[in-house]
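What follows is one structure encoded as C-alpha cells, with my remarks underneath.
A, B and C label the chains in the order they appear, each numbered from 1.
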Amino acid sequence: MWPGWRSVRLWGAIMYNNRLIGSLYIVPFIIGFLLFTAFPFVASFVLSLTDARLQDQLGAANFTGLANYGEMAGDATFQKSLGVTFFYVFVTVPLKLAFALFIAVVLNFKLRGIGFFRTAFYLPSILGGSVAIAVVWRFVFAGDGLINQALGAVGFGGVNWLGEPDTAMFSIVLLRLWQFGSAMVVFLAGLKAIPEDLYEAADLDGASRFKQFWMITLPLLTPVLFFNFIMQIVQAFQEFNGPYIITAGGPLKSSYLLPLMIYEEAFKYFNLGYSSALSWVLFVIIAIFTAVAFWSQKHWVFYAQERDDQKGGH
Amino acid sequence: MASSMSQASKSQAPEAGWRKHLPVINALLRYGVLILIGFLMLYPLLWMIGGSFKNNHEIFSTIGFIPKEPTLDGVVNGWKTSTEYSFATYLLNTFRIVIPKVIVTVISSVVVAYGFARFAIPGRKYLFALLMATVLLPKSVLLIPQYLMFREFGWLDTYLPLYIPQAFAVEGFFVFMIIQFMRSLPLEMEEAAVMDGCNSFQVLTLIVAPVILPAIIAVALFQFMWSMNDFLQPLIYLSSVEKYPVALALKMSIDVTEATSWNEILAMSSIAIAPSLILFFAAQKYFVDGITSGAVKG
Amino acid sequence: MTNSVQLTDVKKAFNGHEVIKGVSLEVKKGELVVFVGPSGCGKSTLLRLIAGLDTPTSGEIHISGKDVTYAHPSKRGVAMVFQSYALYPHMTVADNIAFALKIQGLPRAEIEAKVAEVAEILQLTALLRRRPKALSGGQRQRVAIGRAIVRQPDVFLFDEPLSNLDASLRGQMRVEIARLHARLGATSVYVTHDQVEAMTLADKIVVLNGGHIEQVGSPMELYRRPANLFVARFIGSPNMNVLTAKLKGATADRVMLETPQGEITIPRTGVRAEAGAEVRLGLRPENLHIVSDGQAAVLRGGVLRGHVVLVERLGGETFAYVALLGFDQEPVIIKLSGEADLHTHQEVALAMDADRAHLFDVAGLALGQAVGGDHV
C-alpha cells in the first residue's frame, strides 16, 4: 500500500506486448537500482560490522561483528543524539502537518488573491532547504538578530537562542515549521478534490461547519494526510542542513541530530564502521515508523471509491 | 389571513440582523489570519534582502527591512567574497552541476516511466513496488558506501557523483509522477501513432513526450530547485574550493568572515537564492501541479 | 481477384478467456463491411486483430493476399479511424494528416501535395493550420478520416467512429461517410453497435455475438432472411415481435401453427420440424396491421386479437403496443401511420403479412424459407 498501489492494481491495458523492448526501457532503472541503491544498501550493513576507517583502504578493515552496535548502546553521545532526533521528529511532524492543514483550510475559500497567499506560503518550502536560508537563520537567531530585536521591540529581553542548550533546538524546529508550504499545497489539492455537493447536502441536513469538517473533510483527506505524514516523517528523520549550519549540533550536542552524527563519525572522525552502524539504526527506525504507518492505514485512511464503482452506484 | 401570510413571510426572511454579515466576517477573519501569517513567513526573506543593502551596524539595530541608509557595500563585497574566487565562479559551478543533473533526470525518468506505463514487463508490479520503495528509502544509509564506491572510481573531487546516478532514474518520485501522467493519456493516440508506422521510441519522443510536457517541466523545475539546495552531496565529494557550488561557498564564507560584514553574507545569501526565486515566480503553476499530482492522483 | 481481407478461423483469448471463437470471413475489394453486435461481442477485438494492434491466439489473417497475421500494423496496408479520433493534440491538422508520411520518410513536397489533396476531399483546407482542440467534433472526425486516407491503404478500418457524436451530427456524418465510400471505393471494415449505421452504410453486414458470427449478408438479406432469432431481433428497429406457438403440421408450402388464439397458417417451405414442437413466430412491426371486425371476419386465420396498452406517437409514424389475448408475453409492437386513430384499452384485431412472417425453432434457428422466391 503506497501512493499509487491502486494504479498498479488497475493496470490492465498494455500497449506493447514486447517484453524485451520493455525491459530495455527500464534497464537504466535496474542498473541504477542495483549499483546505487541495492549494493550500497547491503554494503552499508556489511561495513557496520567492521572497524573500517575512512583513510585506509577497505581491505585493511577487520570484521568485528556487532561490536559497533554494542558500542552504540553505551555511547552517551548516541543516546543524546537519538533523544534529540526523536524530539525533533515528534515535535515538528505533527505541528507542521497541523499548521499546513489549518492554513490550507483557511485558504480554501473563494478569496481574491488566493494565489498570492499560496505563493507566499509555498515559497519558504522551496528555499528553506538551502544553505542560504540556513545561514540567514543563524542571524535571525543570533544574539542581536531579528528575533531578539523583535522581542526587544515589545519589551521582552533577548534570549541567547543558539548559545543555550535548551533553546538551540528551537531554531531548527522553527526552520522546519517555516517550510510547511509544500505540505499545505498538497492539502489544498486534497481539499479541492472533495466535491461541493457533499457540503451542500450536509448544509441541507443542518450540519454545522465544524461538524462538516469533522465528518466530511477530515475523513476524505485521510489519503492526503497519510501521504504527507509519511513524507514528513522520512524527511524529518534525515534533517541535516539545519543542524550542521545553524547550530553545528550544539551547544553540548543539544541539537545533534542523528544524520549529523552519522556524517561527523564518517567524515570528521573517520569511523566508517561505526557511522554505518548508526545509519543502519536510523534506517531501521524509519522503516519501523513507515511500516507501522502503512499497516495502520486500514484503520484510519479512507480511500474514496473508484470512479467506476460510483458510476454503478448512481 | 393577512396576519398568517405576514407571519409566513417573516419566517422566510433571509438572515436578519448580524447573521447577514456572516460571510463577510468569515472572509475578514480568513484574510486576517492569512495576512498575519504571510507577513511572518515572508519577513525573514525580506529582512535578508533588505539587509544586503544595509551597513553592518544597521542590520543589528533595526527590525525594519528597508534600509535607512542603503549601501551597495554588502552586495559588492559579497560578490567578491572573501575567497580567491568571485561569486560568479560559484554560480557557474552550481550550474555546471545542476544543468546536467536536470537534463539527465528528465531523460532517464521519462524513458523508465514509459517502460513501466506501457510495456508488459515481466514482474512489472514488483519492480514498481521497488521503485516506490526507493522513494521512501532514507538516503543516509547509502551515503558511505556510495562515497567509497566513487572513491574507487576515482571520481572524488569531480562533479560526476553528483549527477551520474540521476542518469539511472534513481529519483523514484519523478518516475512515479511521469508514470501517472502517462497513464492518463488515451491509449488510442499512441495506437494511432503505431499504425502510422512509429516504433515505441518514436511514439515516446514524437507523441507522448510533447503531450506530457507540463509534467516534464515540473520534474525539471523540482530537480532544479532541489539540486540548487543540495548541500551534503557536494560537501562530501568536493574538496577543491574552485569547484565549490554556491552552497559550499556560502558555508565557507560564514566560517571565514566570523564577526564582521554581515551584510556581505546576507547579500551572498540573497544572490544564492536569486535563481531559484526567479524560476519559481516564472513557473509557479508547474510546481503546484506537479507536487499535487503525485499526492492526490496516487 | 484476391479478397482484400481474409480471416481464417481466427481465435483470440485473453487470460484464458476466449473472446473470439473461431471466425472466418472475407471482405471483397471495394466492399464496406460492417461488424455489428451487442457490447462484448468481440467486434472491436476483431477489428484490432485486423489492424495489428493485437495478435490472434490462432488462425490467419490475410490482406491483399499477404499473410499479415503477425505483421506490424504499419506494414499491413491498413489505416484506422479511432472512436475517439486519437488526433495528436500538439500538432496542427496538417501535421496530423502528414504524420504517417513523415515517418515513412517521404520528401516534403510530396507530403504537402498529398495533404492538400486529402484536405480538399474532406473540406479541411481552411482548417489545416488549426490545432485539434480548436475543432468541432465533426471536423475532428474528418481529420481522423483524412489521416487514414492519406496513407492510401488497401483497407480502411473504422472503430465506432460516430459513437462520440451527438445524434444530429451522427446522421450528417453517416451520410458523409457513405458519400466518401462511394467516391473513393475503398475497401472498408466498419465496427458499430448501431444497427442503423450498419443497415445504411454496409455492402455486407457481419453480425457477431459472443465471439462468433451469427450471420453474414447484405442488409436486406439480414432483414428479410435472418438465419436465427438473434439476428432477427438485432436488425430492425423496433425489434421484431416474437410469439411462441406450437407446430401443428407442415405441408410442402405451408405451415400450421397452434396458438392460444387458434390456428394460424403461414406460407413456408422446407420446414423440418416435428409436429408438436415449440416454435417461434416472428413478425416485424410493419407486417402487422389493424383491421376492422368486418375485415377480420373475411380473413381466415392469421388474425390476432388484443388490446392496446400504449401508443407512442412520433409524428410521422405511430407505434402501438398491443397485448394479445391469451398470449402470456410482452405486448407486440405494431407500426402505424402518423395519423392512426388509436387509444389505449382499445380492442383491436391485427392482420399479419403472412408471407413476411418468420419461423424459428426453440433454439433460435430459422425454420424453412419464405415461399415464392426472395423478397430481397
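Here is the rule we use: contacts are C-beta pairs under 8 Å (C-beta built on N, C-alpha and C of every residue); 3 or more make two chains touch, one makes a residue touch a chain.
This structure is a prediction, so every number in the text was calculated from the model and none was measured.
Asks: Kindly list the shared contact partners of chain A and chain B, in label order.
Replies: Joint contacts: the list comes back empty.
Asks: What pair of chains is linked by the largest number of C-beta pairs in contact?
Replies: A-B
Asks: Please tell me the distance, in whole Å, between the geometric centres of chain A and chain B computed from their C-alpha atoms.
Replies: Here the centre of chain B sits 15 Å away from the centre of chain A.
Asks: I'd like the Å distance between the centres of chain A and chain C, where a centre is the mean of that chain's Cα atoms.
Replies: Each chain reduced to its C-alpha mean, chain A and chain C end up 60 Å apart.
Asks: Cα centroid separation between chain B and chain C, in whole Å?
Replies: Centres of chain B and chain C (C-alpha means) sit 57 Å apart.
Asks: Give the residues of chain A touching no fewer than two other chains, as numbers and ranges.
Replies: Answer for chain A, listing residues that touch two or more other chains: 17.
Asks: If I count partner chains per residue in chain B, which residues reach a count of at least 2?
Replies: Correct list: 191.
Asks: With touch defined as at the start, can you tell me which chain A residues reach chain B in the complex?
Replies: Touch list, chain A to chain B: 2-8, 11, 13-19, 21-26, 28-33, 35-37, 39-41, 43-44, 47, 58, 103, 106-107, 109, 111, 115, 117-124, 126-127, 129-133, 135-140, 144-146, 149-150, 153, 178, 182, 185-186, 188-190, 193, 224, 227-228, 230, 234, 237-238, 240-241, 244-245, 259, 262-263, 266-267, 272, 275-276, 279-280, 282-283, 286, 290.
Asks: Show me the residue ranges of chain C that touch chain B in the complex, using the header's touch definition.
Replies: Chain C residues touching chain B: 51-53, 73-74, 78-80, 82-84, 86-90, 99-100, 103-104, 147, 151.
Asks: Which part of chain B faces chain A closely enough to touch in the complex?
Replies: That would be residues 26-27, 30-31, 33-34, 37-38, 41-45, 47-48, 51, 59-63, 108, 111-112, 114-116, 118-122, 124-125, 127-134, 136-149, 165, 167-170, 175-176, 179-180, 183, 187, 190-191, 200, 225-226, 228-229, 231-232, 236, 246-248, 250-251, 254, 262, 265-266, 268-270, 272-273, 276-277, 280-281, 284, 287-288, 291-292, 294-296, 298 of chain B.
Asks: In their complex, what parts of chain B are in touch with chain C?
Replies: Checking each residue of chain B against chain C gives 186, 188-189, 191-198, 202, 207, 210-211, 213.
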